[in-house]
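Some structures are shown below for you to check.
Across the two complexes that follow, subunit A remains constant while its partner is subunit B and subsequently subunit C.
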Partner chain A sequence: MSEKFKEILVAVAGQPNSGKSTIFNLLTGARQHVANYPGVTVEKKIGSFRLNGDKVVVVDLPGTYSLTSYTQEERIARDFLLLERPEVVVDVVDASNLERNLYLTFQLIEMGLPLVLDLNMVDVAGRRGFEINVKELSLQLAIPVVSTIGNRGKGKNELRQTIHSTYRNKQKFTSIRLDYGENLELILMSLEKELSQDPRLTEHYSSRWLAVRLLEGDSEVQRLVRQQSQKAEYILNKVKQQRKHFIAKHKKAPEKIIAQQRYRAAGKIVEKCVKRTNAISKTLTDRIDKIVCDRFLGPIILAAIIYGMYQLAIVQGYKLTEYTWPLLAGFRNFVALFLPSEGFICDPILRAMPLGVIDGVIAVLNYVPIFVILFALIAILEDTGYMARMAFILDRVFRCFGLHGHSVLPLILGGVCVGGCAIPGVMACRGIKDEKARMATILIVPLMNCMAKIPLYVLLIGMFFAKQKALMMFFISTITIIIALAAAKILNLTVLRKKESAPFILEMPAYHLPTFGGVMRRCVERVWLFVKKIITVVIVVAAIVYALISYPGLNKDRTVYYESQANQAIQIFYKKIGDDNLYTKLVAESQLMKFTTYWEDYKKAKIGVKTKQAKETIGQKFFNKNPDFFKIVKRGKYELEGKKIVDKDAAKVEKAYKKLSKTRKKLRREKREETIASSYLGRAGHFLEPVTKFAGFNWRVNIALLSSFAAKESSVATLGSIYQSSSEEKEARLEERIKQTEQGWTPLHALGLILFMAMYPPCIPTLFMIKLEAASLKWMLFAAVYPIILGFVMAVLVFSGGNLLGFSGLQAMVVFYIIAIAVTTVMAFIKRRTELT
Partner chain B sequence: MTLDEVKIGGECSVEDVFADGALGQRLLDMGFVPGTRIKIIRNAPLVDPVEIFIKGYFLSLRHAEAKTVEVVLL
Partner chain C sequence: MKVSIAPLAVISCGKKVKIVSIVGGRGVREHLLDVGLNVGVELEVLGQGGSGPFLIAVKETRLAIGQGVARKIMVSQE
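Our next item is the complex of A and B:
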């Protein structure tokens, strides 16, 4: 690239619902990436394109109605414009909403940056009967104006060229100066004069802009002046005086007059540039809203849409995982091929650890199909404009608990009923504009019933509440949201007290048909973000958990014991087959381990194979691998050169090995159980027993609960490995095994455990998401700790309280349910201080 | 009277905004300046918030926020 080609920084600004992201995509195409603005969770999209040899780097600013410093988005947009000084700013304007959009345009003009106005969605405006004179608009504002139809790609080249030409002429860039009226202009002019005497200020900022903002009482700009100017105190004092005078004289704050003048100017321009042709009295949006926001139909439609999302994403998505799981399992087995092979009793760490990590990763990746559907559906809800209606309908309910109408979606994704995932739930909290409500939502999403909690519910309900299955499921799927709402209110009144709260002033955008490309782009973007972030975390966590349940390991005596047991079994095996067996040499010493692997592989390959043809293919494959071993695994019955052969020696080896294999498995299991029980995690389980016994948890349950921290779906698996089958002959079902070991368990034990699981702290990937979304480690730790306390208190209440009062499981449940509803209702009526000042 | 007192279907014109700070600025930004015409469209199913038509677009806000807007009926 030659030197004279430049890199041009362009910012895309605009109000929400102006089609800003569509224009950003239009300009940059696929060449973009997503980052975060420093220190905050607002997405920063950066893309680029080449024009006339120059590289144009485009940054998508957050959509804002104004550029004050009251909201995070506005601060970010403004700071970017001030500090990064883009060479050209593109102001995307909704053509059918020109007046309000021009309000922002005036503020951008005031900042003194070269500006291009992109009049977007001119087709929609045309259909609504607005005819806009683009030339006149450009004349009135004294800036270039390009009309586009973003979602159909119209106006792309013209916009690009205009950006480039504006860049080339940026030295000469001038624009109109908005007249704020005589009263204000006098003050503004004297302020501007004062400000322009300080070169450190005027070097970076337009003095007009500074003057207007100072007069508006903008605290961020005051801070800025303090930082940059030596006579800051003098200037700020003067501003204060002038404001005071103005308010005393005109009985109105300057910012009111300023806003009024901006709107007046916008109104005048609209009058000059927009012709109303065939004015439609009722738009399609009006007609849809009449039904969708109706007092009776509205909630029904909302419920239907939520149910539909749940069905499509969770139920159907879960079915999809049946197809994707074999791929993931295949990947695991593929990796296993390159790792050191299994030992007879003890696997080498280079095998066990990587496989443990991969198991952790694929357990999470397994949910990707669900996420793909979910994210696509959310993108559709966002793009159509229904999301705003959802908030409109539900805000009243959620507000009682310090949440926001927009909290509904994260809660659904988290699994309000049964089956969700907290990760997309926490991600979806981005849409909540009220910081306080957003944090409260982030913190309660993990209390919903994510899919990984369900196996334990099912197991325990099957064991202790078989007759009241439906009632129990209803209890579980409703108790969590009831408790979560109360928790939200309590968090709101305590730890979140000081968080910024925003008024609920929500535009109800016109309905749009979402485009396939737009939806897919957003969906892929989010899934990719998820996969990228999660995998790295899970790898680390899975490795740590592996270490916690494997170390410090068994002591020497026990290790020797297991080895001698294994050797004994092997000796018995050799004795059984005898020295004169043809195969003895083939399975002797080091060959035995090779055969073990072969045997296991063959058994694994045969699982689920039904057709005769498939069986033959497997047979052929294993025959090619090792014909002698093949004879053994076939119990000596095989075909050789078309003749059926019965090989008694092979049959004998097979029979003896079957016994050995069983012993081997039993020893491995026992050893694993003992390792876990004596591991760091196991010790913690024992250590906690004196406390957790009040909730009905013994050390075995403690281990299962502790190990669930990495991934809750493992709770049942861990229980499975702790409650090993004691009968050698038959694999008993887990329910029976638990009942055998825990003779004294009552339904109260189960209920306590269920409630604790319902409140179980978020899994590590969710915690990581919380850290990202809350932009703070402190909140992440809080999110991990408070559910433990909450869940434990509830479990103690149910278990110890129930025992004290002599309740049955069902009675305890009903009483607890009533108390929970009562608490939540009381919470709803506690008024929070209205933040209207 | 204040905006929250206007009946559904009623039309009014903004006189003043009482709120200052974030809420006041937000209302100004959204077009609640003296002389702006507002039409009340509908209440949400649970009465609050309320949807209005202002400056050519639809906006919903809570009654508590509407209370800070002084209006005159048209």
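Our next item is the complex of A and C:
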């Protein structure tokens, strides 16, 4: 060993559902996404641990069944192994599925990488009656084998040590060479010889692997050879000849024989190493699936589970926000203490701007409890394995709309059951092999209920449908998928009608009991991601929105008008208390503003204080701060040296000031409204009002919608700052503030807004992702424009139509729902092309 | 004993069958191979799809398989 500590690169490979991510977490202790759902690991995850002084850097590869270049994930995994040349590769294998998993192991061996086999979930295998001889397996494969139970943390140290020792002995690393039979081996041998003469090829790739893949006719490897080798044409020609020759002679393609040999070899090894003690014909998973995947019961259970999720997350979570709101309001007031104090009518910008931004952010943070519950529930569904069943059940439906069973994962991530994010959703579309279905899915994922849309739903439902909260939430989340399906079909029939369907093959993992730690970790991880997004994106958006709703500001005449109004009110105040009042001097001139702050602080401090003792403490505090002001705010009734005193002068001041305070608030509110109305965003909102009024959106709502284009979280945030509390006295909840301002709002207004929001164009980050995944600017623009039209038409239908027919909010929803289902059903039957065989 | 060959798509629930051939292109074949569906492999139909996907058991693996694929897998039953 060298004196210096090394950095060792280790890759974790494995088939889907082998518990690969769990092993990755086990090794690194990193907070990572773990799921029971096939193909969830798309991006590269890196973690590290220290062992014997060396730093071991672990990379989690996407789960793949093999290392051909059939899918994006396979390509990612293969390219990493070939180009980054990790020093050790850990192959995670599901012990119950050893035979199938060995298929990948053989390919890894062929690539010539130092390999450690991790026999995972041996406990489950044991329960199913498999007895695996680890020593024999290691002998047969000629590589080290470690058995682990990933979710219970068993085998961690042994695995780490084995990785390290494999690294140290990597020069001596040898493994078995799979024998493909005499006929093939002869060809392979000559090919290998040819390939090994080109140093540019052998530098990166094992010549055995290249030879086998070429003979199998892998077009990706052909491309690779063409790129790297000068003799490419010669080699490829030779391979072509050999293949032709072979097929003519043996009446079978080489790749078929190669595959058969691999399976035969795997079968032989399993025969030698695995003993089946008690064969269970029907596992518990099978018995559960009998019910859960039933053609009739399945969808009912699915609907019930989704409904239950809403009940728990939205209804119960909403109750929790009643407790968290005071904390957030407290934070705002705490920050306010450090900012310059407010003016009588005009606040200094250093106060107004930060508070505007904070108002925006806490309006969204208020919903964190809902997200915590929601993410925990989604994590449970993923970890148990139910997500794959959802794909299974829904494939039947999806087929009719030109989608794919695999479309479920993107849609779920995008928020089919409320609370996803379109960005990972669009990214997950990579897993769909069917190009047509993939594009359709990319385009409809943003129509799902991403978590940024939920705050607005929750807000409006809380205001207008308080009694039918869960039902409305159920309506909204199902209507989005119903509309999205129809949209997918239309897209399929129009802009995307070229490619044929790819096979639907989906592994159904065995059911697992989720671990508390695993669920919590993922829940916290996702909540944190969300909060981070708010802290970064929303702050910026809120700041920009603040500027847009505050500038260019009122003109001079109006400013002067408000000032004179304020002065008038102040003069009346002084007149009322009179010159002979003992307190007149104390509240004169600049003292008046001081008193105003004192008054507001006192009112604020008293909010929510109930016990007598607490009241006395506050009284004492304010008495110490300013005894004279204290006498006023106490309406002249206070105790002095044990005697109860009634101070008429103080009472008079209090009464007069109360009026002044009211006027002040009114003026502030009016000025604020006028400022917004004449601001840049206000002008745009007004400009659009003649059109949007058919959907029930007034200019205030227009402003919120315009600003949420940057990130939908801002819709509530913007509403938060538009309906900023005109009084500083009490930080009222946004619901109350909106209700104060929009007296004329009906549930139909809310419904139109909700439906528009449901369809609203993807936020800017999502649009970037669409451009990346669809590889075209044209599709990105299309994805931005079509939802606006769709959403607007629906909002107009519901609002104007509902008003015309005199519907209540719930009636309109039900009617709209039925129409949507009818349209979608018709869509399902249009030109249902029979699948090609 | 009579041995008949038919596409998997027509096999009813609960039947145990053996794959005799896979009709179709390289893509389908490779994908089926990846999940362990190879010629000679025995499988059991756990759920007949009707219009939707099939649920099958191959050794310890449970797979959902679309109609299109089920038509490409030729199986023999005793």
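Everything that follows uses one rule, which is that the second predicted complex is superposed on the first by the 533 of 837 C-alpha atoms of A that agree within 3 Å, B and C clash if a C-alpha of one lies under 4 Å from a C-alpha of the other, contacts with A are read in each partner's own complex, and residues count from 1 in each chain.
We take it that a residue touches a chain if its C-beta (ideal position, glycine included) is under 8 Å from a C-beta of that chain, and two chains touch if they have at least 3 such contacts.
All figures in this text were calculated on a predicted structure; none of them were measured in a lab.
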Exercise. Examine A:Ile505 and indicate which partner it touches, taking first as subunit B and second as subunit C; both and neither are also allowed.
Key: both
Practice problem: Go through the superposed model and pick first if A:Tyr65 touches only subunit B, second if only subunit C, both, or neither. | Solution: both
Quiz item: Does the superposition put A:Gln260 against subunit B (first), subunit C (second), both, or neither?
Solution: both
Quiz item: When the two structures are overlaid on chain A, which partner does A:Glu233 contact: first (subunit B), second (subunit C), both, or neither?
Solution: neither
Exercise. Could you tell me if A:Arg100 is touching subunit B, subunit C, both of them or neither one (first, second, both, neither)?
Key: both
Practice problem: Once the structures are superposed on A, label A:Phe392 by its partner contacts, choosing first (subunit B), second (subunit C), both or neither. | Solution: both
Quiz prompt | Which of subunit B and subunit C A:Pro299 touches, first, second, both or neither | solution = first
Self-check item: Footprint overlap on subunit A, comparing subunit B with subunit C
Solution: 65-66, 68, 70, 96-97, 99-100, 103, 255-256, 259-260, 263, 285, 289, 293-295, 388, 391-393, 395-396, 399, 405, 502-509, 835-837
Quiz item: For subunit A, which residues count as touching subunit C in their complex?
Solution: 65-66, 68, 70, 96-97, 99-100, 103, 128, 217, 255-256, 259-260, 263, 285-286, 289-290, 293-295, 388, 391-393, 395-396, 399, 405, 433, 501-510, 835-837
Practice problem: Can you check the complex and tell me which residues of subunit C touch subunit A? | Solution: 23-24, 26-36, 38-40, 46-47, 49-53, 55, 57-69, 71-72
Quiz item: Can you list the residues on subunit A that touch subunit B in the complex?
Solution: 65-66, 68, 70-71, 96-97, 99-100, 103, 252-253, 255-256, 259-260, 263-264, 285, 289, 293-296, 298-299, 388, 391-393, 395-397, 399, 405, 502-509, 834-837
Self-check item: Touching residues on subunit B, where the partner in the complex is subunit A
Solution: 16-17, 19-31, 33-34, 36, 41-49, 51, 55-62, 64-65, 68
